[in-house]
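Same chain, two partners: chain A is paired with chain B first, then with chain C.
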Partner chain A sequence: MTSAPSKLYADDVSLLVVSLDTNPFFWSTFSFPFSEFISHVLAFFNSILLLSQLNQIVVIATGCNSCSYIYDSSSDSNHSSEAVGMPALYSNLLQKLEEFVAKDEQLGKAQTPGAIASSLLSGSLSMALCYIQRIFRSGPLHPQPRILCLQGSPDGPEQYVAVMNAIFSAQRSTVPIDSCFIGSNNSAFLQQASYITGGIYYRPPQLDGLFQYLSMVFATDLHSRAFLRLPKSVGVDFRASCFCHKQTIDMGYVCSVCLSIFCEHHQKCSTCGSVFGQSQSAANL
Partner chain B sequence: MPEVRIIAKNFMDMVASMPAMKLDNLYENGFICEAILRSLPPLAKKYVLQMLYIDAQVTAKSLEEWVLPDGTSKHRVAIDRLVQLRVFIETVDRKSEKSYKLNPTFQRSLQNLLIIGGTLPREPMPSNITVRLPTLEDLEAYALEQWERFLLRLISPNQVERPSNISSSLMKVFQRQLMIQRDKEAPRLTESGFQFLLMDTNAQLWYFIREYISNSEARGVDAAELISFLLELSFHVIGEAYNVNTLTDFQRNIIKDLADLGLVKLQQGRKESWFIPTKLATNLSVSLADSSCRKQGFVVVETNFRVYAYSTSKLHCEILRLFSSVEYQLPNLIVGGITKESLYNAFENGITAEQIISFLQQNAHPRVAERMPSVPENVTDQMRLWESDLNRVEMTEAYFYDEFPSRDAFEGACDCAREWNGLLWEDSKKMHMVVKMEVHPYVRDYLRRQK
Partner chain C sequence: MSTGQVIKRAKYKTSLKDPGTDGVLKLTEEKLFFRPNDPTSNMKLEVDFKSIQSHRNTKEGSNKPPWLNLGHSQGNYIFELASYPDLNVCREFVGIALSRNKSGEAPPAISGEQLSPAEMELRIKLLREDSKLQKLHRELVASGKLTESEFWATRKKLLDKDESRKLKQRVGFKNSMIFDTKPMSDGRTNQVTFSLTPEIKNQIFALKPAVHQAFLNFVPSKMTEKDFWTKYFRAEYLHSTKNAVAAAAEAAEDEELAVFLKDDEILEKESRKKVRRVDPTLDMEADQGDDYTHLPDHGIFRDGSKEVSEAQHQLCRRTLLQDLNRQGAVVLEGRTLDSEMEHQRTVAEVLERTRHESDGDIEQERRNRISRMTQIEDLQEQGDHPFAPLCIKDPREYFDSQQANAVKTLDHSQAGMDQTRCNLSSEEAYGFLKVSISKIKTLGISDPLVSPEIASKVLAGLTKNISTSKYQYGKNSQESVLDILPNTTKEQLLDHWVCSQELLRHFWSSYPITTSNLNTKVNRLKDSISQMYSKLEEIKVSARSDMRHQVSLIVHPMQQVLDAALLHYDADKRKRNAKAQRLNGYA
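And now, the complex of A and B:
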């Protein structure tokens, strides 16, 4: 006998948490304008909500200095506004987005003007996972969550540890991280994120048809993924960042106790404090 | 809840069976497209989205390339459904290769919905005209009360205190399916009427709507118009007032029936009147996709076959009376027992043990609902046993053979029947055998060939 309440949610009801890259350094230099990008993305959100009344979308804006929830389709504030209909729903989103970008810029001014080209991916992943955990704990019945990263700016090696931790906790709670990378070079972080969590990593070759890529690949609910032929990752860049100078390295030193990675030889592990012996080459000298 | 799915699916079948012209007319309305889209299987939904901006024909072969070998059967179901509903238009070229294209009307409506958004044909009325609107809780209570009164009328027509003025068109719908009235006797529920009572609200609603539609078709009302209005209604905002004057004459007739059912609440202002959709109406399109809002249960079943129902509703009492003997009734509690006699009564009315069990499980009191199983196993097992007691004899239509010319012919015929899996009984001494009716032609052919 199947228990009745388990059918409350159909198989394909999904909760999509989207991390939206708003990094001004990236968008100002990129050939594809942000306005056009956002119009494709909004149509995609619309289509997700169209598929089922119970589908839910949460959007997190990812700037260079901060992240913020800018839209939640389940919150009531969207319905109470005088304008009914879907575009009105998004006027809310766009307004929040503008506020966020202004605030993010303010935060950037306060800091040293060192050019930070990367977005705060680790922050938005953590926020997405927090949200999903809250949904998990709200009761036995919840839509199937997944995270979608719409990312353009290059990886920030200094976020390596935080991003990897977020990826592993997503893996632990079986939340796939999909990544749609629109920048020119592949992102090693997102490739690893999707590879480890069983999500899809895809870099659309033509941004003019972004909506089609989004609806073809990233609109697929977790239930249908078992039946559809979706893009497979060609190769994953597994390179790590060192803990001492936050640089991406091919080869390095690993602490035998805590597995911290370093680009050069140290006397003592900076993470766990273990004392290393002399390296072979040093002893020979 | 398989019930809702089956009934809702039947409803979509009804939509699918409409003539192409009418279906295309329906798809002019974006909301109907949305409701239809949401009712599709997951894979089909995905295909519609993928094809939404493709104007060219896509061959069946390239569609198949989208799926992994595991999904072929699901793929076929999805495509069949889409073609049935004329969402996909199938064309066969000279090499008899199939290709598909999204129905242009459907495509246009959905694209509009996606980019521009949908606008209902009517705006909610400003709050300065409609002075006192009921709160959402009031509205929900109203809808439930209305629906319960309507069911109560069904189950025991003489128990309704206030003479409810359910229109004749609604009553006709009952009489068609759920009730029979023999001459001079009080109307009685039919088998499906009893089963109807044990379904959950959404299933009941769909069942009823389906009957209502096929009934109005017989009266010469256009089913397409009715369906489009109902689906459109489900996208209205709960608790907002909409002016009745925005409706067509046809819709105004229907809205009265819908108010009787509790789908909308009609209110009369000084000058104008308006209708307020309730949760029942807006749930229509949700439950199409087999997911509904569950209300809190009230029944506790104990291992000693006693049933406690924490409810003040007369309807609940009447439903319990269908399969248990109600012993006493306190202001907020109904106590009864499930006995062999009470169950036999239910079985005679055409209710099955499974239906009773699923009713008890679906309406389990929150305290017991957490437990697995929510209804004690010894009770459910006993109920199934009592039911199977009634079905000791199984009837199968069959043919009896005798007077075989030889033992060889007899054995050959037996083997032939065995091969078709249709030999019910044989007596090799007297050379008699009995075969299932479906197998009779094969055995007869076999014997003819032997001659």
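And now, the complex of A and C:
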């Protein structure tokens, strides 16, 4: 059916849901300043919106204690008059970001200083997927959604289960999760996410040219990706965390009913409640 | 005796007094055949060894001629052989055959196993054909690491395959059919010669169904085959001359000849049926143009002239295009049966029958196709899948992606695993972040955002990365890491790999150890595995310095699997010893 509305929605319209890492503990100790990072990212958003009139961007800020939507390009309340040296949409975003950071600080008053707290990746992924589901249900004509995680802080193994659940639901809705990881070591969660959902995981070696990396690797819509040779992942760390202690493990026990992972022998599975029998070797001895 | 049969010249005598008929005696494992040299004689014999009850023969030292006497329930078969050595050979063979039939099992072979000569022969043949298998066999069995039976136990599939693999393919029609079916003319004399083989007859029948029909109708009722073909080639010759008038004249005289000169009605009917079969709205291939017999002005005529014929000569004016089309269609359809049959008439009949049978199928197919085509895609509802479709990824991708992890563990270098600890309190950290945000609000975005040098470096890096990683890790389809190595090393590595695979297969299949037989086998295999391990170590050490890294990368997983096997052996042995000690302690 080639009716007029369908002509507007071509194959390459994309909805990009960005999960922006605003972990203050990470950014305060990182070599690349947050202000430069934000400027690269804002320019990247602008270029995405320039690619097609129907492209949409939604930005979710990922803090230590909460996550929140800070920008939606399709909403009408994008007019701010305090623009000095930058377009209106940027200032709106930054305004919301400031408010979010203040709120996050309020929530995290009881945090003890120590190792870098991890940002709530699972929370922002879930929020992204909810938004995408709403878009799916809005009608037959919708852009093709994908998720981009701009992450720097390390993984929190305690979020393993939630992150894996989010990844599997993304896989089921065929939403690719791309990850641009800025931190020092590779993030196992994001590698797995991109591997399972068919997205791209890339760790830019040179952060000065972050905008260049973003626009070369992550800007193309899903339809056009078939024609591009994007960087392949060099290795996926498939290690899981155990469900009892939330530590990363290489070898462990797996419940045969619900596939939950444990690092030591248990009598009963804590997820599904099935009772484990005695192992064969123990019986023979 | 490794061959399965014996063929010797012999004379067959029905009784001792009979002078005997000359012929050839053939002995196979099941039967005995005798065929006399004179084809008109009816002394042919075909006897099953099961019916032979006894065999006797004349002694060599005596003055009697070499006779072999096979007794059966009704009497004797006496064969006089050419010489005593021949007699000995036959006697041996008969003895084996009879003993096998009596006892019902194969005679014992050298290796102590019950092997029939056929199986032995099959094994030898397999070894001869596959040099790799032969090498493996030599290395493992000859040096005593595996016994013969164990070696072949895992290769049952090879042994079971039928030896006499008939050629499943059927030879189709030649592509030069038109030329075969034309008579050749000798330019000097007025004679036209043609040669006719059954093959050519089949081709003519396939190309021209009207001729086929005529053959069935006229032969042998109205004329002999030879006459038929003479008339056919006369018609062909008339076609090839430019003389339409002469053709018409001859056709008027001889009505059978006229058949060959008319339009091929059967072809017309067939092509009309074909056009009907096609749904013109959806299948663009076939259209009215297929009914080419009714387009006389299409293409060059066979006799080279280009003008449209006069209406009065209603004779067949075939064009080159029509002939080529017809040949193409026939070649693609292929043969429906083997043309090994001797009697030409039966062949013709069978062909006719098969053609009728296929029509019914075609109708059915057409109906199916129409019922399927009525669902036009645009009018269908969108098939909304509630589940994401199964995505079966290429397994190679997984292993490629794991390569980096493997390399990491090999190099024993953990790149920067230390976590930076944050010494700021939460207030300080948040304050820092807020300062950054307000900074960018005031400054705006810098111009240029990315300096040109950095941008070009990034561009070069990304594009280079795509192309070089392929060559480094040997993912190019034409090249692999093994090709970089020198030939001898490559061969050695491959041989060792195949060998260790075989050893490991036998090793792991012997666990859990239940009998003492398995125990000895496992011990034997463990020794050979340790030998293999040291051989691999040697290769690794002796590699050239620039190849050393690649070689160690390749050898590493091989050694790992051998390690796992050895570890398991040790652990299992310890467990068994502990158990034995405990039992002894109690006893």
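Here, the second predicted complex is superposed on the first by the 254 of 285 C-alpha atoms of A that agree within 3 Å, B and C clash if a C-alpha of one lies under 4 Å from a C-alpha of the other, contacts with A are read in each partner's own complex, and residues count from 1 in each chain.
The rule is simple: a residue touches a chain if its C-beta (ideal position, glycine included) is under 8 Å from a C-beta of that chain, and two chains touch if they have at least 3 such contacts.
Treat the numbers as computed from the prediction; the structure is a model and nothing was measured.
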{"item": "Partner chain in contact with A:S47 - chain B first, chain C second, else both or neither", "value": "first"}
{"item": "Partner chain(s) touched by A:W27 [first = chain B, second = chain C, both, neither]", "value": "second"}
{"item": "Which of chain B and chain C A:E158 touches, first, second, both or neither", "value": "neither"}
{"item": "Contacts of A:A219 with chain B and chain C, given as first, second, both or neither", "value": "first"}
{"item": "First (chain B), second (chain C), both or neither touched by A:F211", "value": "both"}
{"item": "Which superposed partner A:R229 touches (first chain B, second chain C, both, neither)", "value": "both"}
{"item": "Residue contacts with chain A in the superposition, chain B compared against chain C", "value": "C"}
{"item": "Touching both chain B and chain C, residues of chain A", "value": "1, 43, 84-86, 211-212, 216, 229"}
{"item": "Contacting residues of chain B [partner chain A, same complex]", "value": "1-2, 34, 37-38, 42-43, 45-46, 49-50, 52-53, 65-68, 70-71, 74-75, 110, 113-120, 124, 237, 285-286, 289-292, 294, 358, 361-362, 369, 372-374"}
{"item": "Residues of chain A touching chain C in the complex", "value": "1, 22, 24-29, 33-35, 38-40, 42-43, 84-86, 90-91, 94, 97-98, 101-102, 104-105, 108-109, 111, 113-116, 140, 154, 171-174, 184-185, 195, 198, 204-206, 208-213, 216-217, 229, 231-237"}
{"item": "Chain A-facing residues of chain C, complex", "value": "378, 382, 387-388, 391, 400-405, 408, 415-417, 419-430, 432-434, 436-446, 449-451, 454-455, 457-459, 461-462, 465-466, 469"}
{"item": "Residues on chain A engaged by chain B in the complex (per definition of touch)", "value": "1, 3-5, 7-13, 43, 46-47, 50-54, 79, 84-88, 211-212, 215-216, 219-221, 223-224, 226-229"}
